[in-house]
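Consider the two complexes below, in which subunit A is the common component and subunit B and subunit C are the respective partners.
This part shows the complex of A and B:
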């Protein structure tokens, strides 16, 4: 029972992280490789502020969310949009965005590594973790916050995309950006908004994971990028529900692998998953089929 | 000169192995395959060479050869498996492949030395030997960049559908590129490992992908010359400028981002553009007797339009006036 809870909690963290990436990639077509660095650096900024004085939990989260949104929007405005403007077609733009993202990701990583000497860092909060013993399992208040934030925001974004006007516009861009532009959708503001939301989610995930684990290493973001990619591919590009399901599947499988005492193989799960899904069902569980020649 | 050569032989060797590593990715990119499998081959080649030296008591050259061949075979098979994928999907799948190699190395037990890797695999490697290997690789790659083969590969990259309709087998070239990429990556891994005498799973990491990509993107992805420019910059820049070695990762990140935005063809592309501009301005000056700002092509048309006798007598003045009227 404790394992189910652990898996659910791990899945929530993955979900918070992957949602932002899935949202940006599935709608405005940007696979942001700097998402992991955004995640890490948001927590790092909260860490820097918290060195001056202990932060209340909501303030720590707010700082991280705002930093994440800021980094993400800056990446979009100063790197990705110039690349799109200068690219001949979508394929070259995609590749250059990936390369640009990898470049951008090195910058916050280098700063954080230098300032912490590559040691893990934590956030100093006034928040006290409370553990409730519920017989079948033990639930900590941090786990509860992570679970509520992950599942709540996950469902929230799924419904927002389905029901709201902006959600409809975003989905329209994801299907056919030219026609969407013809229908009067302002892609510039929507893409900035999407990146802000994506970055904010990364920041929230960063702060929550740091508080939960007490400390994270600056390199944590790099590993999460590949995992999030596995999640998005598994769930299906463009489907937030898919990302939701994918996060919990990956977390469950990883928990099972850990349970079987195969700890050093945990990372292979997500890498292997990428292969298997791309080979057997390239559009993922819930994805629409992408038609692209050669 | 000899002194300089001796005191910098380590850096020179690093430049050459970095070049090999970068070439292993560039080979795929030149046929439009966005694959990082060469980095995985680097791990395979490095580990097999080290195992060959320490466990199987092989000589240096056979150890490296086994590693390189294994890299080629594994990456070729990977290519058969995932060759249908395109763009980002292929890129990410091959990154996953590279990281799986690292996970296998961690879990290889006795054979791979687990998380601490393999030590004491010092090969008998000279700078001349490495230079020879690189020369052979570069010579072969130059052959693929010139003439009709070069044009075919360019077509495969720029417009696969057109290539197919011209009877160029896109699939075949892509498969070959996987094998070559694995071979070069394996060579790079073997040579690097036997020079340093150690390899750990940590080395075959995302960091290596970033390094190889950085070298190519900044140098230029169109030709091995670009990879060479990139390797020289990244190996030598930290030794020239102190603040670069201090902020290495940060500066590389900025450079890659700037290159991705402003210089999609890298430094090599800028140099080629400059040479082209210089040549065409010289060509204009050669025709400059007529008028420096006129296109030589339109003048020749004007010339032929004139009656033969007139054009023959006053070739310099008359055509100029005719072109003016035309425009």
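This part shows the complex of A and C:
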């Protein structure tokens, strides 16, 4: 029972981080490698504010969400949009956006490293973690919040994308942006809105994880980016449900490997399994099959 | 015609004579460049050192600490006229930013600058190991701080001013024995060479010598961020102690999750948790102990004096990285004094001579194995806000 809970908790951590990246990539086609830096720097801003006074939890989360949204919107407006306009085709744009994201990520990383000398930082908050011993398992209040936030937001976004008009419009952009534009969908504003939401999710993940882990280092975001990328590919590009499932699959595999005392093999086993799944099912668990018109 | 010929001969003779005179004067009068470049057997009035520190990047806390400690040492050396009246030591510092290419390039530039007579090398092992062969080829005495892996101290011109962790980790084993902590679990970052070697090679025989049983070894990776599973495993097993061999951010999370899992035993960490790096763990880190090469809690006079000077200059207490930078510069200064020669060769000889004798530094009675520093080490207890000496 405890192992199931541990896997669920870890899966929620990964899901919270990957949600924003999956949303942007799966809908407007932006593979944002600055997502990790956005996650980290949002928490860092909350850390800086909390040095002046201890923040109530909702305020810490709000600061982080707003910072994340701002960074992502700025990245979209000043980096990704210009790249898209200047690129001849989508493939060229995607490659340049990938490189551009890595370049953008280095700026908040350098600032945080400079100011902290790469020492770990936390958020000074009035929130006190409570641990419940329920016999079969132990659960902390922070883990519960992360679980609820991860699963709740994941399901909420899946539902919104499927049922709402804006969700439909976003999915249309993800399938064929030109046709979507021709049908009257305002791609620019939807892109900005999507990046704002993605950045806000990164900020929320940043604050929650920093509080749960007690501290993160400036490099923490970069370490999670590869896992998020793997989750999205495993789950299937364009499928939020796939990303949801992928997060928990990866977390379960990692939990089992750690439990077997093979901690130094976690990445090898996890990514090895992903590789095998992709060999058998290249589009991922719930991804769209590629259709090539002859 | 004949007069022209004589004139040309005289002109040529005068030219040759002038060149010879200028060369002789230049060799004798400019003491700094001559004695530093050619090993003239004198201490120059201006002695320039170089430093390639990681001032930014993931190990910036080590680079900045070493830089600050070096500054204190240079100030003391100059103010006390340790190397003679009017002799001034200065240091040119550059940031390698945790990049091997930048470290190599900056070290090469420094070694090409004949005014720089000795260098404080980068703290990261990968960079240090990359530049060590260059140092040996160029014959520029270089003292590395941190950089604990093999492949760094490889010859006559490479020196290390940080004792490898395994050389003083016996303090932890002895302390555990004295406290009756006879069984332990090791949690370690298997991708960090120092920790992997400590867990696999160095600590097991120390544990055996001190009657400690290692009931389990749990390996994790550098990107492991959640330790709920290992923490619960340990809480269930409930050993008397846990040896924590993790990096700074990981150990903060691990200690919290360990206490959340209900474990109340003793955690024993490493000097990586020093320098206040464990502070974000809050109450979960209260009572944590670790062996280190230096702490401001030390009571010997040199350590106290260094801590006082550091606090006066930087308005904060020094960490072990600062002490390493401080003692490394003093090692170079003592080397110059011992050999009486501030040239590169003179410093190299002097460093070896001082290493043969040892000296009293901020880190205590310093001895050496070859070119590698050894320290007594000290056990520290973190009380939640500050370091104290462990009982």
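Note that in this section the second predicted complex is superposed on the first by the 282 of 294 C-alpha atoms of A that agree within 3 Å, B and C clash if a C-alpha of one lies under 4 Å from a C-alpha of the other, contacts with A are read in each partner's own complex, and residues count from 1 in each chain.
Convention: a contact is a pair of C-beta atoms (placed from the backbone, for glycine too) under 8 Å apart; a residue touches a chain by one contact, two chains touch by 3 or more.
As the structure is a computational prediction, the values presented were derived from the model and not from experiment.
S.K.: Quick check on the subunit A-based superposition: subunit B and subunit C, clash or fit?
M.R.: In the arrangement built by aligning on subunit A, the partners subunit C and subunit B clash.
S.K.: Touching A:264, do we find subunit B (first), subunit C (second), both, or neither?
M.R.: both
S.K.: By the touch definition at the top of the document, which applies to A:104: first (subunit B), second (subunit C), both, or neither?
M.R.: In the superposition, A:104 touches subunit B alone.
S.K.: Quick one: classify A:89 as touching subunit B (first), subunit C (second), both or neither.
M.R.: neither
S.K.: For A:114, decide between first (touching subunit B), second (touching subunit C), both and neither.
M.R.: It touches subunit B and subunit C both.
S.K.: Considering only touches as defined above, state whether A:128 meets subunit B (first), subunit C (second), both or neither.
M.R.: Once the two structures are laid over each other on A, A:128 reaches no partner at all.
S.K.: Thinking of the overlay built on chain A, is A:31 touched by subunit B (first), by subunit C (second), by both, or by neither?
M.R.: Only subunit B; A:31 stays clear of subunit C.
S.K.: According to the stated criteria, A:3 is in contact with first (subunit B), second (subunit C), both, or neither; which is it?
M.R.: It touches subunit C, and subunit B stays clear.
S.K.: Kindly list the residues of subunit A that each of subunit B and subunit C touches, one partner per complex.
M.R.: The overlap between the subunit B and subunit C interfaces on subunit A comprises residues 110, 113-114, 264, 267.
S.K.: List the residues on subunit A that touch subunit C in their complex, please.
M.R.: Of all residues in subunit A, those touching subunit C are 2-3, 6, 9-10, 13, 110, 113-114, 117-122, 129, 131, 133, 138, 140, 143, 209, 213-220, 223-224, 227, 255, 258-259, 261-264, 266-267.
S.K.: Would you pull the subunit A residues touching subunit B in the complex into a rising list?
M.R.: 31, 79, 82-83, 86-87, 91-92, 94-100, 102-107, 109-111, 113-114, 222, 226, 229-230, 233, 264-265, 267-268, 270-272, 274-275, 278-279, 282, 292-294
S.K.: Mind pulling up the subunit C residues that touch subunit A in the complex?
M.R.: 56-61, 64, 190-191, 216-226, 228-230, 232-233, 247-249, 252-253, 256, 260-262, 275-277, 280-282, 284
S.K.: How about subunit B: which of its residues touch subunit A in the complex?
M.R.: Residue list for subunit B touching subunit A: 34, 81-82, 85-89, 91-93, 95-97, 99-100, 103-104, 106-107, 115, 160-161, 164, 170, 206, 210, 213-214, 217, 247-250, 252-262, 264.
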